[in-house]
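Labels A, B, C and D are assigned to the chains in the order they are written; within every chain, residues are numbered from 1.
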Amino acid sequence: MPVNKVFKSCDEAVAGIFDGATIMVGGFGSYGGLPINLIVALSRQGAKDLTVIANMGGVGFELSKRIKPGGYQDLGVLFEHGQVKKFIGSVPALGGMPPDSPLERMYNEGRVEIEVVPQGTLAERIRCGAGGLGGFYTPVGVGTVVAKGKEKKVIDGKEYILEMPLTADFALIKAHKADTLGNLVYRRTARCFNPVMATAAATTIVEVDDLVEVGQLDPEIVVTPHVYVHRIVEVKQ
Amino acid sequence: MPVNKVFKSCDEAVAGIFDGATIMVGGFGSYGGLPINLIVALSRQGAKDLTVIANMGGVGFELSKRIKPGGYQDLGVLFEHGQVKKFIGSVPALGGMPPDSPLERMYNEGRVEIEVVPQGTLAERIRCGAGGLGGFYTPVGVGTVVAKGKEKKVIDGKEYILEMPLTADFALIKAHKADTLGNLVYRRTARCFNPVMATAAATTIVEVDDLVEVGQLDPEIVVTPHVYVHRIVEVKQ
Amino acid sequence: MKARLDEQTIALRAAREFADGSVVNLGYGMPGLCADFIPEGRAVFFQSENGMLGYGNLASDAEKDYEMINASDQPVTPLPGMCFFDSAAAFDMIRGGHIDVVVLGAYQVSEKGDLANWGRPGRPATGMGGGMDLAAGAKKVIVTMLHTTKTGEPRIVKKCTYPLTAARCVTLVITDLAVIEVTGKGLVLKEIAPGWTVPEVQALTEARLIPASDLKEIEL
Amino acid sequence: MKARLDEQTIALRAAREFADGSVVNLGYGMPGLCADFIPEGRAVFFQSENGMLGYGNLASDAEKDYEMINASDQPVTPLPGMCFFDSAAAFDMIRGGHIDVVVLGAYQVSEKGDLANWGRPGRPATGMGGGMDLAAGAKKVIVTMLHTTKTGEPRIVKKCTYPLTAARCVTLVITDLAVIEVTGKGLVLKEIAPGWTVPEVQALTEARLIPASDLKEIEL
């Protein structure tokens, strides 16, 4: 029978994430689709020198109070704990907020490297890596800082730049439901980067609102097939 | 209010397909997901010098009797009618069948051009075109006839070839249900190339088993968003 | 009386550009307000790059669902006919040319329609989000912004000094003072705020403005 | 008694290679038979490149649904835990390395593990389907075929003369006469059909075979 993918806690699920690992973290902004329980478990677990690939760098608990009453945890906690050496994403920090997010502070202190990537290019680089491709030409970023140092090509009279694939050792993602095999469905805009990242990591770890038995998910509506999912934790809302 | 996308018949839906057009046709093999009623309508409509992009070239009515009792129509009818000047796909003809499919006959008579493309590369070239990208590097086909004349690149020590995007003037596809806005869901393996091609054509024409009102499709399970669909015909099974 | 348009009014004017049946993406900040000003009788489908098409108004407190947010992280409401998809599919839709109009904020727009809307001095850790993809992919790029900076510097310039989002992408600029069309000949001043004269607006604009033959007061 | 394995038996032998929990894609023709020979107690997930994972047996006449077909156009049955997706997603899964085993037919396999399985003389209009993608992407490529052509020519050759599917991709060859592993040192003859000797099999093989130290009769 297939290996058991169901873990009892987020702490158990993030065990084995090693120093220096590349980690994709799903979600979009600083909430909604963010696998926050896995992120917090990783901050407890303590792995260091991580390369984190995520759409946004998070605002951290202090700034979050400006967004949502009472505040909340987000990706910022990994920077606060000094676990990250490099961030790859489209919004390291929000220009509309003070420069006090944990990532922006660390960056300004020279303690973390940032690679800023247009959001669609980020999604496509991940899909490219997941699909075993070597790179792709995109018109996005032509004539901007994003094009710096990248191969350029004119195709049918239009300018493109070459973007390279992204893959990861681990992906931390959030889904709505999983069956015990690992088939996943998402809820509303909490889908965002989660299904894309799920396909691009050697080990994909998912937290779900509901864990159901095999056969309980309609085969037509599964978004992430189980071959992409390695560890599942149910975190009831 | 948005334009009415619902057409009364397949004949009306394929009106305006012009001589020399590039047409994607959904499906996978010679049945199951093939928009056969639109294909037959196009054969009546008579547009000529078409470039047809489809996974398989079809077997034609005569050979089809070997596959399914009584036989059936498939993409072969467009070749029988001499409407196609070029075919792009992964299986122009089946090696396991006699060389009597309409496409193979026409090819052997020098009346149609064939561009053979590995199936996954075909899907990805269409997705690449749909996504506004300029091309991608794939390891598939390296060291084979498929690599002939294509740019090669070594990335991280592995060989890749450059494949270019495909788009079309029209896509003929088959879905299970549409709402009147044009949101689509598919059924089982009839999904195959249909959602991919739906996104890559200037005008996408779909035949569906069931047409439903707006609001009748769960927003979580829509596979093809309505922006990709331009003409809908209901063909009850 | 000489007036500057407020943000709501700029958004209202921008929303008048949404044709019936069009697909519209609203950028971070001020552009988000456009969702509340769809002209009567027009169907507009809002696309959000976090993976949603066809959503409704901003959610009231009672309606708030933090798994139902627009790209500005604001909870919005569902509508019949909407659908969800992932980020890669959202950007296929954007780069593939299926967004009729995108409304973006900006720091600067150049006389050639170059857009700078993400990076600024002193904030090296900010990013462009989906702005570059949207600017490169949408059929029509409308910029809504204040005509000048807080210190009175022009934002409509000969050449952007801030980092570019995309070159030659802007179609229309709507500010608190003017509606300006980017054309092959240059920036055409189409509409002007109530009580303002062309020389007054030109004085706050670094790039040269070409008054339209049918120049009129901003219509609301 | 000297016997050649029939197609069913070749498929049965190939299916023994499917590890518990593995994801397997079955190519056109003979490989499809493997679906009926999964070893007792093992869970195997069949992937089909037309967009399905986790399907069951071939359908009986009563069960036939022509919108539920494998990549050989044969109706199959659903199983709990299965799912459907589109062709692009199916090939992401394949190229992305998530197929543990693919079983393919072949015209020729070379001593280096090159595979030729789609084109042949006189049939220029046939194509490779998903074979190139599968050969390039799967972790393990098993070829099932008859050891020789109808006219007795070897199919296991020094160098393929038929058009290649992919170079150096084959892991294991299972024929009606032998089980052969492709190694860095060459083709290792691991198992041999009942009643056959090594020289007899070598005589029907163009490439040199290296008898394994633990060479045995094909186990079923």
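Here, a contact is a pair of C-beta atoms (placed from the backbone, for glycine too) under 8 Å apart; a residue touches a chain by one contact, two chains touch by 3 or more.
Values in this document were obtained by computation on a predicted structure and should not be read as measured data.
J.: Steps needed, at minimum, to get from chain A to chain C via touching chains?
T.: Minimum number of steps from chain A to chain C: 1.
J.: For chain C and chain D, let me know how many angstrom lie between their CA-based centres, rounded off.
T.: 56
J.: Between chain A and chain B, what's the gap in Å when you average each chain's C-alpha atoms?
T.: 34
J.: Distance-wise, how many Å sit between the C-alpha centres of chain A and chain D, to the nearest whole number?
T.: For chain A versus chain D, the centre distance works out to 37 Å.
J.: By residue number and range, which residues of chain B touch two or more other chains?
T.: Chain B, residues with two or more chain partners: 124, 127, 131-133, 138-139, 186-188, 219-220.
J.: Touching at least two other chains at once: which residues of chain D meet that condition?
T.: Within chain D, the residues that touch at least two other chains are 78, 84-85, 91, 94-95, 136-137.
J.: Touching pairs of chains, all of them, please.
T.: Touching chain pairs, listed by label, come out as A-B, A-C, A-D, B-C, B-D.
J.: Considering only the defined contacts, which chain B positions touch chain A in the complex?
T.: 124, 128, 131-139, 153, 155, 158, 160, 164, 185-188, 218-221
J.: What residues on chain D touch chain A, complex-wise?
T.: 20-21, 23, 41, 43, 45, 47, 53-54, 78, 80-85, 91-98, 136-137
J.: For chain B, which residues count as touching chain D in their complex?
T.: Within the complex, chain B contacts chain D at residues 28-33, 55, 57, 67-68, 89-96, 99, 101, 103-104, 107-108, 114, 116-124, 126-127, 138-146, 186-196, 223.
J.: Can you tell me which positions in chain D touch chain B when the two form their complex?
T.: My answer: residues 28-29, 48-52, 65-69, 71, 73, 78, 84-88, 90-91, 94-95, 118-120, 122-133, 136-137, 163-167.
J.: Inside the complex, what are the residues of chain B that reach chain C?
T.: The touching residues are 1-3, 127, 130-133, 179, 181, 183, 199-200, 214-215, 217, 219-220, 222, 225-228.
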